[in-house]
Each structure stands twice: as structure tokens, then as C-alpha cells.
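Note that chain A is present in both complexes that follow, paired respectively with chain B and with chain C.
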Partner chain A sequence: MIFYIIKKELKEIFRDGRFRISAGIVLLLAIIAFFITFKQYKNTTLQYDEAKKSERRVWESQGEKNPHSAAHYGNYVFKPKSPLSLIDQGVDKYTGISVFLEAHSRNEAGYSDAADQTALSRFGELTPDFILLYIIPLILILIGYNTFSKEIEGNTSFILKSQGVTGWKLVIGKWLAVLIPSVTITTILFVTAGIVLSNMDNYGLFEWKEICFLYLVYLLYYLIFTNIVLFISSLVKKSGISLVINLVFWVLACFVAPKVASDLADTRYPYPTHQEFNEQIAEENKKGLDGHDPWSDKAQQLKAEMLKKHKVDSLHKLPFNFNAYLMQKSEEHQAEVFAKHYSILKQQAKKQDDVYKSLASISPFLPTRFLSMAIANTDYQSHWDFSEAAEEYRVDVQRFLNGTTEKNSKYGERYVAPADTWKKLKEFEYVSPTFKEVFKQNTSIFLILVLWFVISSIVLFFTNKTY
Partner chain B sequence: MFTYNFKYELKSLLRSKWLLLLSLTLLIVVLFAGYNGKEKVEKRVSGLERVTSEVKEKDNAMLKILDSFEKGIKTNQNPRTLPSAPMNVAYGYPRVAAIPAKALTFIATGQSDLFTHFVKPSVYGDSFSMDYTELANPVQLLFGTFDLAFVIIYILPLIIIAFSYNIFSEEKEYGSLKLLASQPISIYQWLLQKTALRFFWLTLITLVVIVITLLFFGFEFGSNFSSFIQLISLVVAYILFWFAVVLLVNILVNNSAKNAVSLLAIWVFVILIIPAVVGQMANVFYPIPSRTKMISEVRELKEELSKKQDKILDNFLRDHPEYATKNGTKNYSFWHKYTASQDLIEEELKPLIDSYETQLQKQQEWVKLWQYSSPAIIMQQSFNNLAHTSTAHYQEYRSQVAVFSKEWRNFFKPLLYSNKDFTTSMYKELPSFKYEAPKSNSVILKVVILLVFSLIFLSIGRQIFNKKIGKGSVIV
Partner chain C sequence: MIKTSNLTKKYGDFTALENLNIEIKEGEILCLLGANGAGKSTTINLLLNFIAPTSGSAYINGLDVTKHPKKTKPYLTYIPENLMLYPTLTAIENLDYFLGIGGKSFSKTELRSFLGQAGLQEEAFEKRVQYFSKGMRQKVGIALAIAKEAKVLLLDEPTSGLDPKSSNEFGELLKNMKLANVAMLMATHDIFRAKEIGTHIGIMKEGVLKHHFLNDDITLQDLEKVYLETMTVNEEAL
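Let's turn to the complex of A and B:
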């Protein structure tokens, strides 16, 4: 029975000219989006490799130099593109790609793509995630809005009943028929992406289980949408009204809910401006040790401590270079200040995140969006991971440079390190969080999505008994 | 016929409670959007006020110290940071270079959530690579703001579609069209009037709601009347465009459900697909060169130049003999070398830096050219222009800041080289920054284009209607 219903519905769907046109357009758009994203991905990866190599070359060929000068000269670290960004670009466009690491200050990642684009890009871009998140649900609506209402309008519901069809079988049959075309498009897209990624030489840490899970998330999203579309279609007797209600739901879920969520989050837990944030840090830094100001009280205090500890009466007699030691101590203090303020900022981000999560229960779009970005490693959390790894590396670099001066020179002398010093610094390697870690962080949001599916299914199947 | 039509439409609208529901929904939505916009603008204004007053305070303190110094009174200021040394002022007392909010800024967030609204360019640092991005949660940037522009560009057409997708087909489906056809009236005129009346009511409600919102958030009509008129005419033209589309679809398709599907498809195309495609094409045809590459190039150049700093200073003095010391002593400080090489760096990097701005410029020109492919793009561009939050505005701001920071450095350079003190009398001559908005195209052209679009659709509708009348397929 179910098989017959599916066959009949599919035949009807494929006969419909509007479906054929729109499915054709979506497939074409998906191919273009995929192709463009793939090209960009390859380009960015190439640029990343080049920049990384050239950066290291510049760093190693500094020649003879004072290590603290080298610290001010600084180094750049670059954020690698995650393989699954091919499917979901997430917030990558809005976060910078490189962090400048220097002495005394922690810098934000600079040069986001969005800042280099026109305002038009804020409409949304033709990327696979745009198709997956916005357009395919629309196809589901287009196919499913009249599944039940057409039986009433065409007076076929009585004939159906007289055939002895069971309510749940009819629902399942129609449900599957609505799903099949969209799921086919999605499957093609994911399989292509998987094959392309696994065949690339330099594809980073691509894993099939990640892409499979991503596929599962989108599948759940479409199941939820299908449930809702069929539910609306079974409630409303007229196809036109059913379509309008479906459309309103789509706009509310995909456009209005995210915007309202972001406005609520920002009003309740606002971010400081760059200026404010930097001033707070500068203010607190001033209170501590300044490596460039050996005359300050704090520095004098440290000097007295060191002299006492090593039982000598002059800095010259210390077994290490006190200036470098002072510099390192001040660096440690500053790093602490930065860590403190960034953790305050992270707290604020966490609170905003909670607002988004709590609103995920009003729109199935939100949990899908967040899960998709998280699995693709293109969400805000992965940006935090990267910038924290960069900061850790920065602190290590400073320790290495100040340590070099401290060990190899005496107090009062200007130490010039030999040219091969720079090679000894370990390279920055960023490893993005594993799938397990990502999943652990996002279990609650995944549960919300599952809950959406369960509740919408229950509602659909229990309100449909009359059919 | 018109009065009957008017009365009938009004009665049926009032009875179905559509009008009430619509007005209330629009009012709430628009007020909420206005509130969001205002909140952002207020944060921006208060931030700017704070920083300006801080600078003022700091200036006053500096003037006091300078005054004491000139009178020979001793102060407890660290001699290394005395403001009588010009470079200490140039470095430690930068001016605020701000892009102020305008009266209509709150209607469209545009690019304003991406960028900072004031910088303090000092004599140290690269004005070309100054960071303009604002600290923000990227998720927020991704989702965007629920602002007035969003309501008008995205939501309003949907309201129009939901409001009148079956304006004609309904009559046919209820069988009342046959009754109407038997009357001695022109069906086309009747349909046109019916649509015009709905257009009238929706426009009236929208305008009233917008005016209430503007009043509520303290918009000054007197001094900003022209921007108000521009806003209103854009909104009216946009509503007209969508009604023309609705009318055309009603005539062409004339089946409620199919109408709704077609209108939905048009909405998706005009508002989602075309802008996304045009934007993507701008990126593909005029790609912004790699920033990672720029970083490496800047560093390599700087490293190269820093090794030759003494030579650069020599060359600089040869080019600018007025700066060389008269008695031939070569007692040049860090600042001498720095300012001399900074000029060179900027000069050398200018082509590279410009390549980003010109590419962005080209992207904008592309968008400008193709904006006519979708009324949604026209609206977004015009709203951002009215709100002063467009890409062009921020680009202009950046270039003006670059000019200003050079002016700031050049003000101190003669003092540095001639070894003169900075004095209280010079304070008034300090360059200050004033942002000049770029000349934006008037919206008249855009409104006219929207009207032309509507007229084309209306006349196509008329043609099809006539054809259908000829075939006798309008009523059955």
C-alpha cells in the first residue's frame, strides 16, 4: 500500500512542471555553489600554505638580532581552512584568518573576508549551506503544501477512504514521497563532497564520519520540515492558504528567528567596543610590571627580591640577565591580564550562545545551523579554539626569546642573538578539535533537534487519524 | 463604480479583520525593528561621546603642563613624556577621527556592525593597515539584524503576497466573477481598482507605521525632511512594484494555489537568488587579492627597509634639505628615522594597498550596474545610502582617515627636524578630522526605475488580459 502511494505521489510530483523547473534550478544552483566554493577552498588552502611557508622563511632569515626586537617584529599565524567548510562556511567570512603575535599584546584575528566585500554579500551567498538550509526546505514546502488539501479540493479523499486505506499508511506514503526528491538532491551533494574531499591530496583532517553526521543533521532538519509541512497541509482545507501558512513558517524559522535571536543576545549581553576592551586591558596592564620601565616600583621590588634570593648585592652579579628576566615577568603579567579579559569576553559570548540555544526551541533552523557549523569546524567555538592556541603559542614564543637573552647575556649588555637562533623556535601547528570533542560540546543542541523531530512526528501522526 | 468598489473593499477588509491584524503586526514589527536599530546607534553615539570627552580631558591636562613648562614652573611630569616635545604630542595625544551617525542610520544596519566608528591615528603605526573591524560575535554578523530595512525588503512583499495572492482568482473560484461579468463594467478596470485600493490601504498603513516609528525614536522631520521623503518614496515604489507583480500573476495564472506558488518563486528569486548570484559574481570577477599574501609582502618590505634606515634618512634629507640641521650635527632620533622611512613604506606599498580598495570599488560598480536586476538590491543599496552605512561610506571614511593621518604626521615633522618645542599657541593649529560623506546618487533614479518596472508589469498584465478576453478564457 505504502509503496503504491509513494509511486502515485512521485509520479504526480514529477509531472508537475513547476516542480521540474524549480528542482532543475536548485540542482543547477547547488552545482554552481559547490563549484565556486570548491574553487575558493582550493585557493584559500593554497594561499594558506604559501603564507605559512613564507612567514617561517621571513622569521628564520632575520639574521643577527636582539631577541626582544624579534619579539616586536613578531610573527603571524594563519588559520587553516577546515575541509567541511566546503559544505558549510559558517562564520568563517566574519572571523579573521591570521593573528599577529608580538611582544606585550594579544591581537585579534585580522582581515575578515566580509570587511573586504560589498554590502550585497550580507544578503547571503550562493554557497552549499545556503541551498541546504534555506532552499531545500522551500522545495519541501513546494512539494508538500497541498498533499492533503488537494485530496479535499479534488474530492478524492472519499474515494481514497473507500479504497480502505489506513490512515497511518497514507501519511507515511505521502511523507516519504515528499521527502524523496529533496533527500536525493542532498545525498548527491554530500556524496560528491565526500568523494571530492577524500580524493584531494592536501585535505587536512577529513573524516567520513563527520560528513555522515552532517548528512544526518540535515536529514533530521528535512524530516522536521516535512512533518510541519504535512501537518499544516492536513489542517488547512485550501491549498493556497496552506502554502501561505507554510511560507510564513519558513520565513519565521529561517529569517526572523535568527535575527531576533541575535538582537536579543546583543541587547542582553552586549560586547564592548574594541576601544573599550583595549582600554580596560591597558589600564590593568599599567598597574603591573612593565618590562620597558625598570625604574618603576614594581621593578625595583622584583630587583630587591632577586638580589636577596641569590644573595648578591648587584644585578651584575646575578647568574642571568636581569633585564630579560624582568621582561619575561612583565610578559607573564600581561598575558595574565589578557587571559582574564578574554575570558570575560568569552563568558559574554557563552551567555549569548545560551540565548541562541534557548531560542533553538522556537525554530528548527537554529539547532541545524549551529550543529552544521560546529561539525564543519567553522563555528565561533572553533575560532575561539584557534585564537587561544595562537595566544598560547605567543606566550611560548616570548618565553623562548626572553629565555634566550636571559641565559646568554649579562645584565646591562645588549645581547645580539646569532642568526641560527630563530630556527630553534618550534613551529605553530594548529589541530582543530576532534569530532568527539565537537559532539560533546553540542550534545544539548543535537538533543533539541531530535526533540523537534520527535514532537513534530507525534503531532503529525496523531492529528492525522481521521485520514 | 469606484465608490462602490471602494466601499465594498473597505467593508470586506474590515470584516475579515485583515486590516486590523495587518496594522497591528506591522506596527509591532516595525517598532521592534526601529528599537533594534536605535539601540545600536545609541551605543555608537555614547561610545563616541565618551572617547571625545576623554581626549578633551587629556588635552586640557596637557595644556596645563605646557603652560607651566612655558612659564618655567616645575611639574611632576616624567621628563620623557613632556608634551613640549612635538613627537610626544604626535604619539600620545591623537585626535579622534570619527564617522558620526546620521538621522536615518537606525533604519539600516548595513555594514555598520562590521566596522568601528572612530579611530585615533597616531604618528606611530601604519595608517594603511589600520584595523577597522569592530569586536563582534560573528554569529551575530552572520544572522544580521532585525532592522527596518529587513522588514521592508523581506517581510513587506510577503505581506503583500499573503494579502492579495488570490485577489482575482478568489472571485473566480467563488463564482462571483460571473456575476461581475454580467454587470456593465470593465472587468479589467474593476480589477485594477480593486488592486489599487489594496495598494492604497497597505501603503497608508505602512507609511503611518513608519512615521509613528520615526516619531517614537526622535527623528527630526524638519531638518531631515529630504531624507524622509526619499525613504517614503522608495517604500511606496517598492510596494507598488510588488502589487504590480501580484496583479500580473493573478491575471496570468489565475488559480489561488498556483498564484501563491508563482509569487513565492518570484519572491525567492528577487530577494534571495538574484542578490546571492550578483554578489557571488562580483567576488568571482573581481576577487580581492589574498590578505595573507599582503601580510607577507608588507613584512618583507619593512624588514628590508628597516635594515637601511640610516640610508633612507640620508636620502630623505637630501630630498628635503629644509629639514637637515644647519650646523651639520647628526643627532637624529628614532623618530627621525621612523618618519622618513614611514613615508617610503607608504609610497612603496601604495599600489598593493590600493589594489584592495580598487577591487572593492570595482565590486561596488558591478553591484551598482546589476542592482537593477532585482528591486531588493536597489532597496538595500538605497537604504544603506540613506542610513550612511553602505560600503562606499566606510571606504570613504577609511581613505579620509589615511589622508588625515598623513596630515597629522606632516604637522609635526617640521617641528621635529627643526628641533622646536610644541607650544600652547600651536594647540589651536592642530589638524582635526571631519568626515565628509561621499556624494551619493539621488534616489530619484532608483524610484523611477522601480516605477518603470511596475509599469512594464502592468502593461504586460493588460496585454495578457486582453488576449484572454479575446480567447474568452478570463472567466472560465
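Let's turn to the complex of A and C:
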């Protein structure tokens, strides 16, 4: 029976001119979006590779130089593009993918794609995640809004009932028929992305299990949407009303809910302004050691401690360069201040994230969006992870540079490091969180999505008393 | 094949059908005459188990329709006043679908044969039914009954709105079904058609079966007279 229902429903769907046109447009958009994103992904990855090599080349070819000058000269580190950013670019576009590392300062990631674009970019881009998150649910609505109401409007429900159709089989058949076209488009998109990514060399570590899980997330999203669309269609007797209710649900779920969640999170746990944040850090830095001010009380205290510890009466007699030591201690203090304030900021971000995620239950769009970005390593958590790795590396760089001066010179000497010193600094290699780590962090979100599916299925299958 | 026992349907204080007792055997056609609201369609809806009786029972092939709603369905075919099919599907596809959901599968050749037996012209077999007249759609319904080898045919004013030629063709089809031993219950306003094809004729009013005749026991003129008298009794009293 189910086979006959699917066959008949699909025939009706494919013979409907509206579906053929819209499905054709969506498929075309999906191909264009995929092609554009693929081109961007390839370009960005090539640029990343070139920038990384060029940056290292510049760093290594500094010649003979004072290490602290090298520390101020600074260097850039870059966040590699995650392979699955081909499907979901997440917040990468806005957060920036490079950080300038220098002495005494923790800089934010910069050079975001959005900053390089015109104001028109505010209208959004044609990307695969846009198609997957917004357009395919719309196709599901277009296919499914009249699934049950058309039987009542067309008076076919009586003859159906007289043939002894079984309610749950009818629902399953119609449910599968509505899903098949959208799932086909999604499958084509994911399989193409998987094949393309698995055949690319030097474009990040691609794993099939990640893309398969991402596919599962989107599949759940569509199953939920289909359940809701069919439920609405079974509730109302007129297809026009069903279409309007479905579209209202789509707008609420995909556009209003994320805005409400975001505004609520921001209102409840606001971020300090950039100015406030920098002032707080500067204020606290002033209270500690300043490597450039050997006459400060703190520097004098450190000097006294060192002289006492090494039982000497002059800084010249210390077995290391005190100025470099002072500089390192100052860096350590500043690093602590940065860590403290960024930790507060991170906690605030986490609280915002928690509010945002706790609202995942108000719309199936939210958990899908979170999981999609998380698996693609393009979410805000991934940005934090990169920022912290960059800061850790910056602290290591300062330790290496100050340590070089400290070990190779005495107090009062102007140390010039040999040209081969810079090669000794280990390169920055950012490793994204593993799939296991990402899944662990997002288990609750995944469960919310599963819950959405279970509840919407129960509602659809157990409340349908039409047949 | 079709039997009702004190079948009653009430909606609050309104009685749509009261203590209906009928029995239609194989090869018999009971034509129920009556004005709108007489209880004809209610009887059919109760036999289809579309609505539940307030009291009494309805049986199809010996099975209580409320207790065995699914088991009774393979035995019957229902043709409503305006049989609606899926407009974007062809006659063959519609027939295939309705038979399929009833658990029966046939080859395309067999489906064509059923449609042919139901009197549908061959060139219409592969046409989308959105272009079909009411008469053509009714023929697809008859094809469904033929294919199912239905023992019971429930017809709710099937000839209303049909032109005389189509109505006559439809009557002939029902006669053929009668020869195939199908038990039929037809609700109709058409006294002439009822006299022509029915083996039994009933006249209903306000949910009650007022008269029940064997076709051979009454002439068309007498039937018309009784029908008109039955319909006007209360009006005169008023």
C-alpha cells in the first residue's frame, strides 16, 4: 500500500508545474552556490598556504636583530579553512581568519571577508548552507502544504476511505513522497561535496564521518519540517490556509527565532564595549610589571629579589640579562591579564551561547544551525579555540625571544641575535577540535534536534485521525 | 450481502435515520428514493462506517461494519454523487492507485480491460482525468468495482447531473453488475431510473423507510403516485 501511495504522490508532485520550476531553480541555485563556495574555498586555502609560507619566509629572513625588536616586528598566524566550510561557512566570514602576534598585546582576529565587502553583502550570500537551511524547507512546504488538504478539497478522501486505506500507511507514504525530492537534492549536494573534498590534496583534513554526520543533521531537520508541514496540512481543510500557516511557521522558525534568541542572549549577558574592554586591560596592566620601565617599583622589587637570590650586588653580575628577564616577567603578567579578561569575555560568550542554545527548543532551525557550524568548525567556539591557540603561541614566541636574549647576553648589553635564530622558533600549527570533541560539546544540541524529531513524529502520526 | 438491523443515527435531538431494517442479497438492487435529508446518504455513510451508528447494526457480507471496518472494505465499492479522482493522473493510474491501496495489483493490460468493461472509451484510458466528464469518472468507479470483484456496490445519487444518454449507459452498467451477482444500494431522486434498474424500491422520509416494494409489484405510475403522496403528507397537514 505504501509503495502505491509514494508512487502516486510522486507522480502528482512531478506533474505539478510549480514544483518542477521551483525544484529546477533550487537545484540550479544549489549548483551555483556550491560552485561559488568551492571557488572561494580553493582560493582562500591557496591564499592561506601562500600567506603562511610568505609570513614564515619574512620572519626567518629578518637577519641579525635584537629579539625584542623582532617581537615588536611581530608576525601573523592564520586559521586554516575547515574542509566542511565548503558546506557551512558559519561565522568565519565575520570573525576573521588571521591574528597579528606582537609583544605586549593580544590582538583580535582581523581581515574578515565581510570587512572587504560592500554594504550589499549585508543581504547575505548564496551559499550551500543558505540553500540547506532556508530554501529546502521552503521546497518541503511547497510540496507538502496540500498533502492532506487536497484530499478533502478534491473529495478524494471518501473514495480513499472506502478502499480501506490504513491511516498510518497513508501518512508514511505521503511523508516519504514529500521527503524524497528534497532529500535527493541534499544527497546530491553532500555526495558531490564529499567526493570533491576527498579528492583534493592539501586542503585540510577531510573525514567522511564528519560529512556523514552533517548530512544526518540536515536529514533530521528535513524530517522535522516534513512532520510539521504534514501536520498542518492534516489540521486544516483548505490548502490556501495550510500554505499560509506553513509559511508563517517557516518565517518564525528560520528568521524570527534566531533573532529573538540572539537579542535575548545579548540583552541578558551583554558584552563590554571594545573601549571598555581595552581600558580595563590597560588599567590592570599598569598595576603590574612594565618591561620598558626598569625604574618602576615593581621592577625595582624584582631587581632586589634577583640580586638576593643570586647573592650578587650588581645586575651586571647576574648570570643572565636582567632586562630580558624583566621583559619576560612583564610579558607573563600581561599574558595573565589578557587571559583573565578574555576568560571573562569567554564566560560571557558562553553564557550568551547557553541562552542561545537553551532556546534551541523553540525552533528546529536553531539546533541545526548550531550543529552545522560546529561540525564544519566554523562556529564561534571554533573561533575562540583558534584565538586561544594563537595567544598561546604568542606567549611561547615572547618566551622564546626573551629567553634568547636572557641566555645570550648580560645586563646592559645590546644583544643582536644571529640571523639563524628565527628559524629556531617553531611554526604555528593550528589543529581544529576533533569530531569527537565537537560532538561532546554539542551532544545536548543534538539531543534537542532528536527530541524535535520524536515529538513532531508523535504529533503527526498519533494525532492524524483523518483516515 | 447488505443488511441493517434497527440502524439509527441521531445528531442531538435530530434523527437522521430511525430503525432501518433492510436486506439486499446477491444480484439485488435496492433503490432508495426520497427528498434531500430523508436519510439515504446517512444509510450509505453508516454502511461505509464513515459515521458511527447511534444504535443498531449494519452488515456487509455478514460482517458488522463498525466492528470490522477494514475487513468489510474489500467487498465493497462506493460511488458518490460526484466521484472525484486525482486530476493529474490518468484513468489507468487512478484505477491502479485505488486498487493498490486496497491491496490488489494488476497489469496494465488487465487495467485497460476493466476500464473497457466499464464502458470507458479506449482513447480515454491514458488521459488525465481532469479532462473527464462526470459520466466518465463514474465509469472509472465501476471499473474499480469490476476489478475488485466487489460483492457490494454503494451508490449515492450516481446519475444526478448526467445527461440522459450517460444516465442510460450507467443504468446498463448497473444491470450488468446485477447479473454478476453484485448487491447494490442506490440512493437516488430519479424514480424512472429506480424503476428501470432496481429489484427493490424503498421510499424514505425524515429518516424512516416509509415504503418498501418489490419492483415487479408496482408500476411506474403507482410508484410515482406513492412517492408524491409520501412527500406531501406533512405539507398538507401543515
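What we mean here is this: the second predicted complex is superposed on the first by the 465 of 467 C-alpha atoms of A that agree within 3 Å, B and C clash if a C-alpha of one lies under 4 Å from a C-alpha of the other, contacts with A are read in each partner's own complex, and residues count from 1 in each chain.
Going forward, a contact is a pair of C-beta atoms (placed from the backbone, for glycine too) under 8 Å apart; a residue touches a chain by one contact, two chains touch by 3 or more.
None of the values given here were measured: they were computed from a predicted structure.
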Checklist entry - Which chain makes contact with more of the residues of chain A, chain B or else chain C? => result B
Next on the checklist: Contact-wise, after the overlay, does A:352 reach chain B, chain C, both or neither (first, second, both, neither)?
Outcome noted: first
Checklist entry - A:244 contacts which: chain B (first), chain C (second), both, neither? => result first
Next on the checklist: Applying the document's definition of touch, where does A:58 land relative to chain B and chain C: first, second, both, or neither?
Outcome noted: first
Checklist entry - Which partner does A:267 contact after superposing on A: first (chain B), second (chain C), both, neither? => result first
Next on the checklist: Looking at A:87, would you say it contacts chain B, chain C, both, or neither? Reply first, second, both or neither.
Outcome noted: neither
Item to check | Which superposed partner A:383 touches (first chain B, second chain C, both, neither) | outcome: first
Checklist entry - Just chain B (first), just chain C (second), both, or neither: which does A:130 touch? => result first
Checklist entry - For A:162, is the partner it touches chain B (first), chain C (second), both, or none of the two (neither)? => result second
Next on the checklist: Output check: A:12 vs chain B and chain C. Expected answer is one of first, second, both, neither. What do you get?
Outcome noted: second
Checklist entry - What residues of chain A sit close enough to touch chain C in their complex? => result 1, 3-5, 7-8, 11-12, 15-16, 154-156, 158-166, 170
Item to check | Contact footprint of chain A on chain C as seen in their complex | outcome: 48, 50, 69-70, 73-74, 76-78, 80, 82-89, 93, 96-98, 100-103, 141, 154
Next on the checklist: Help me check something: in the complex, which residues belonging to chain B touch chain A?
Outcome noted: 36, 39, 43, 47, 51, 110-111, 114-116, 118, 131-146, 150, 154-155, 158, 161-162, 165-166, 256-262, 264-265, 268, 271-273, 275-280, 282-284, 288, 290-293, 295-296, 299-300, 303, 356, 360, 363-364, 367, 376-377, 380-381, 384, 389-391
Item to check | Residues on chain A engaged by chain B in the complex (per definition of touch) | outcome: 18, 22, 29, 36, 47-48, 50-51, 54-55, 58, 62, 73, 76, 78, 90-91, 93-98, 100, 108, 110-126, 130, 134-135, 138, 142, 145-146, 238-240, 243-244, 247-248, 251, 255-256, 258-263, 265-267, 270-277, 345, 349, 352-353, 356, 379-380, 383
